[in-house]
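Each of the next two complexes has subunit A plus one other chain: subunit B in the first, subunit C in the second.
Our next item is the complex of A and B:
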């Protein structure tokens, strides 16, 4: 009898080393090392964003000489205008975190009902209409969309129907809208799977109103969607920084991670390594942390679903 | 950027990708660091050799021009590319004196000063072989004087030039509405293009020592030597102008010998380049303006005390030291050290923020909740200036919101007057030579760039300045104008930056006289063999 060994990556099976790590984590009750690293990075980023600004100097004020290297007075050195880089990085991190969280929240709040309704009425004109509109939004890359919106409204505050939208609110709206198709797709796919489950049929037989049925389905749809949302916070942070880098985001003197990196590029060759490396590292580690934890959440949900 | 939810199908897991990314970032970082620390290329050695004719001169420009018609734009982005292609009737010599170039002699002016007759140089041809005649000059002047054309020269001609005519192929006659002594300056600064190319924005046809042979939008330009040039043979056979937007990259290219000349050297790179023996850095007082106009037609800048509070609250020294590393002069009003009428002893505003005086003026002004939006152009230096100034004004109690705009939207705001306080960087020398006529324009009530400021005394002074043909009288009038405009805080630049250009010593030195008028005399350079 001939046996054929199918590689893990083809068969879709979990690699042995990963299985061993998971079983170790399960036995010990601890998260896998990479997940733990992700959690540590997230905690670090959150502390930087939420706690450091309470103690750091005013990120807009000149508190030192231009381009001072890291020291006891300025842990991350100063920028080209003599402002404390730690304070500016922390303020930028806080803004990034807020934009990331609220843009994903906005996307979820709008996209999940849309995706669920589309799935519940799968094949109907409503499903077609919702998904085609979302595909149109998806076809527009986020930066093209940003340039279009900011070209129309400017980089300052805008007034819409008597409501003044600050630039950071505009960035949240912009990212939230561009995330809609992705969240709606996940919500729709999960709902499509759920509506064929026995319990949904039972609820229908019992004569529960559609709203109640969807409410029950939502309980099962939300976890994977939230896990996706968690991953998208990383993308939102990255996108907000990229907009800041391109001067399309929140405007100076409000610090943004992207804005700091854009300014620091001019000082790479004058030995001010800390100016670009340290804020860049914060951004990289934050995105890595969100990805690692989001990945672990996905794994856990997948495992829960298969058990 | 889209996270996938596929657990097993992908050959590369998300974590593996992250690890790969981290590794690649580290490697790239190390590589970049290594590159940054490696010895600079040709900048490290003093070149030897004799200057000769031929070769390709490479220039790094900080942005590409949207419009290559030199009659549309007086911006350096347009003019540094088109100056070797399209010449003017008069040109500056090495001493900065305006001498005939396409004109055969100085203009003859009628006793009433209203008719100017200009003889043209015979035997000159455009690059396409067409003879250079008066009809081309007339077409250019009519284009510049046409309100429906996009020409910036409309500011200089409209309301003054009644008619341009060509009584014969080598004579141009200008009929003026009123006396206009300034016309001679404009004739020396306005390029002359072929009449069939006046509406083209992607090409320019002139009589100059170089032909524009290739334009790669956003990337660069190639100019080839005109073998039939009517003047002395230019040095290089070819001039390649590369658009290198990032200042650091531009200077690294210079250090590595990829370009011979780097324009707009970032202030922080000046010291680095000065240490390289193979490079020369020119820091020249040229007609460079930090245009700084409050919108006087609306609150809070309609209040002169508020404007003065803003002027006293300006951290000029901070901008000079921190942004320009000392390579600038403290600003007071519209007239800077490179233009006529400059008085270094006239310093009514403080070098550092005078918090007490500014607060006092603010209180006297009666402006409640003082705040405004500072609209600045999107350049690294301008962003830094905006932030430093905002911080100084914050100490005084004025809340400033910064708006950063790219060139097009910034200009649109300036022209339409939809700003509180607008600030931008402008090389006025290419349009005005050593006098800042354009930067004074927003003070004139009837000018399309008027900032809302109305002062009959200033209008009268500007009219007399424009009309005068006597340089000494004009200088005196501009001094008076400057004094009034500074007193009223109508134009309040923090500093007057220097023009900073770096070049390789593998080519002969740029003309400092030309640089003082914002010009790059590329045709006169010789590459060392």
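Our next item is the complex of A and C:
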């Protein structure tokens, strides 16, 4: 590693950022074709989610005839109420992206400390208790959880302890909590592997408080956990659309990918194929993108760890 | 083995109790009373009180909870508040449908996955290898409910009559039609899982083929086919069975989407209906059943792994079971 960076620094002719970029590119290399395809899909999905809504018509407004097939005016056709399907898909994609990102973030923030503490006290009653509670959360499918939450709080916004929670926030909370057991397991397994390393023993011998030692361990636990988290954004996007499909997620008239697909299911018999196929393809391509890039990240970290 | 099983069963009982408690109290705190649902809003307070007393809903919560746990230990899940049938009798039919669907799906797709994964690993860089590498990611990314809708478009609208795209015919009524009904749901439900199995098999078999004992078998002059299926696949099947076991639990909860697309009368639709109607006993019973099936699948996956992996057995005699297995 050092033999690569030192000559760059000596040469000095090129600006620092450029040589740093070059050495980074040399280290990481050209991405594999599959990874490149994944990155392209992610960029496409992000553009659809963030840029298209700026130019598209209002996703809730009727701008055409019902069930128009794709044309120059409506690139993806219209739905059963004559609303532009591209605008609705883009708005749904934006919601999916936000829910996917924030639910995984929430799951990680809750799970990593839990998994690390459980691993640090591996075999103790605390470890057992944490693992059993996580299994309890895991045993109930997300849709059962969702029905509890909707049963308790309804499908609109609700205020809990003075804070107003919109339905999309509730979906984020729901998914974040149901991801918790999986993330905590990864964090726990990684921490278990780390605590046997020499540096942890050395820090303990030096008499560092437990919190400081765990902080040092965290630095090494985070990369694989974050790579795993990236992969779970794909699952979160899938779960959000599944909840929307079952009418357990964000409610109409707000467009969601799952909700659009559920509506389209009622119009398959009139052969409006674009209605279900095109928004569905967007969902498939987005999830594929996250999976491909997430796999590449995991592979890279695995290789880095074994060398 | 027995000590391991006993420890795991005790853990399962503990988790089931936690699930029961969670479900019971969550449901009781939900707004909306089943009394209004059963009698309408026009009834008198008096008749509602009578009904509440009849259903045991007027007792304090801890008493209701204790009663429920007590009956549960006798295998009694209570009665549906609507038609007075026992929850157990309402659940058995749909549970059998869901379990059959999940089981058939798992068998079909684990077989396909193992075969494709093994053939891919046998010829690294070959056509099948590329197909499994790319295909497994794409296939995992296809939401089952969307694939279901596409299947309904294709088989229900474009080429009707080839395969039934909706509904369910019990085996007793018409065995052939029953199997035809299964084709599309099994395809849709298991495709992603098959991709995961194929991918796991490919990766672990590729590792096994690079190992020392395979090199030894080659040096000893064993035929390549024996090496692949007898020597390398033995070790590679271990991670694959683990993945397959965990998948089974997910398939059971995944059926809810597929059931709603193909209109199959399984556990998922029963559960959704019970929650929508605020049928407390039925909803609790459904949730507990789903949780129990999930936990049992995990237990079986652990036991199979325990049987197959001598290292795990050895480590258990030395260390505490909980930590070794959970890690």
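By definition in this document, the second predicted complex is superposed on the first by the 279 of 307 C-alpha atoms of A that agree within 3 Å, B and C clash if a C-alpha of one lies under 4 Å from a C-alpha of the other, contacts with A are read in each partner's own complex, and residues count from 1 in each chain.
The rule we apply is simple: contacts are C-beta pairs under 8 Å (C-beta built on N, C-alpha and C of every residue); 3 or more make two chains touch, one makes a residue touch a chain.
Quantities reported herein were computed from a predicted structural model and do not represent experimental measurements.
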item	value
First, second, both or neither for A:251, with subunit B first and subunit C second	first
First, second, both or neither for A:264, with subunit B first and subunit C second	second
Which superposed partner A:62 touches (first subunit B, second subunit C, both, neither)	first
First (subunit B), second (subunit C), both or neither touched by A:284	both
Touching partner for A:54 - first (subunit B), second (subunit C), both, neither	neither
Partner chain in contact with A:34 - subunit B first, subunit C second, else both or neither	both
Subunit B versus subunit C as contact partner of A:82, first or second or both or neither	first
Contacts of A:163 with subunit B and subunit C, given as first, second, both or neither	neither
Which of subunit B and subunit C A:205 touches, first, second, both or neither	neither
Residues on subunit A lying within both footprints (that of subunit B and that of subunit C)	34, 142, 151, 154, 238, 265, 268-269, 273, 277, 284, 288, 291-292, 295
Parts of subunit C lying in touch with subunit A, wherever the complex brings them together	11, 14-16, 18-19, 22-23, 26-27, 29-32, 133-134, 137-138, 140-143, 145-146, 149-150, 152-153, 156-157, 253, 256-257, 260-261, 268, 271-272, 275, 278, 283, 286-287, 290-291, 294-295, 320, 322-323, 326-327
Footprint of subunit C on subunit A - complex, ascending	34, 122-123, 127-128, 131-133, 135-136, 138-144, 147-148, 151-152, 154, 185, 188-189, 192, 234, 238, 241-242, 245-246, 258, 261, 264-265, 268-269, 271, 273, 276-277, 280, 283-285, 287-288, 291-292, 295
Footprint of subunit B on subunit A - complex, ascending	8-9, 11-14, 34, 60-62, 66, 80-82, 142, 151, 154-157, 182, 186, 224, 228, 231-232, 235, 238-239, 247, 251-253, 263, 265-270, 273, 277, 284, 288, 291-292, 294-295, 298-299, 302
Subunit B - residues contacting subunit A, complex	1-3, 5, 7-11, 14-15, 18, 22, 25, 29, 32-33, 36, 246-248, 251-252, 266, 268-269, 271-272, 318, 322, 373, 378, 380, 383-384, 386-388, 390-391, 394, 401-405, 409
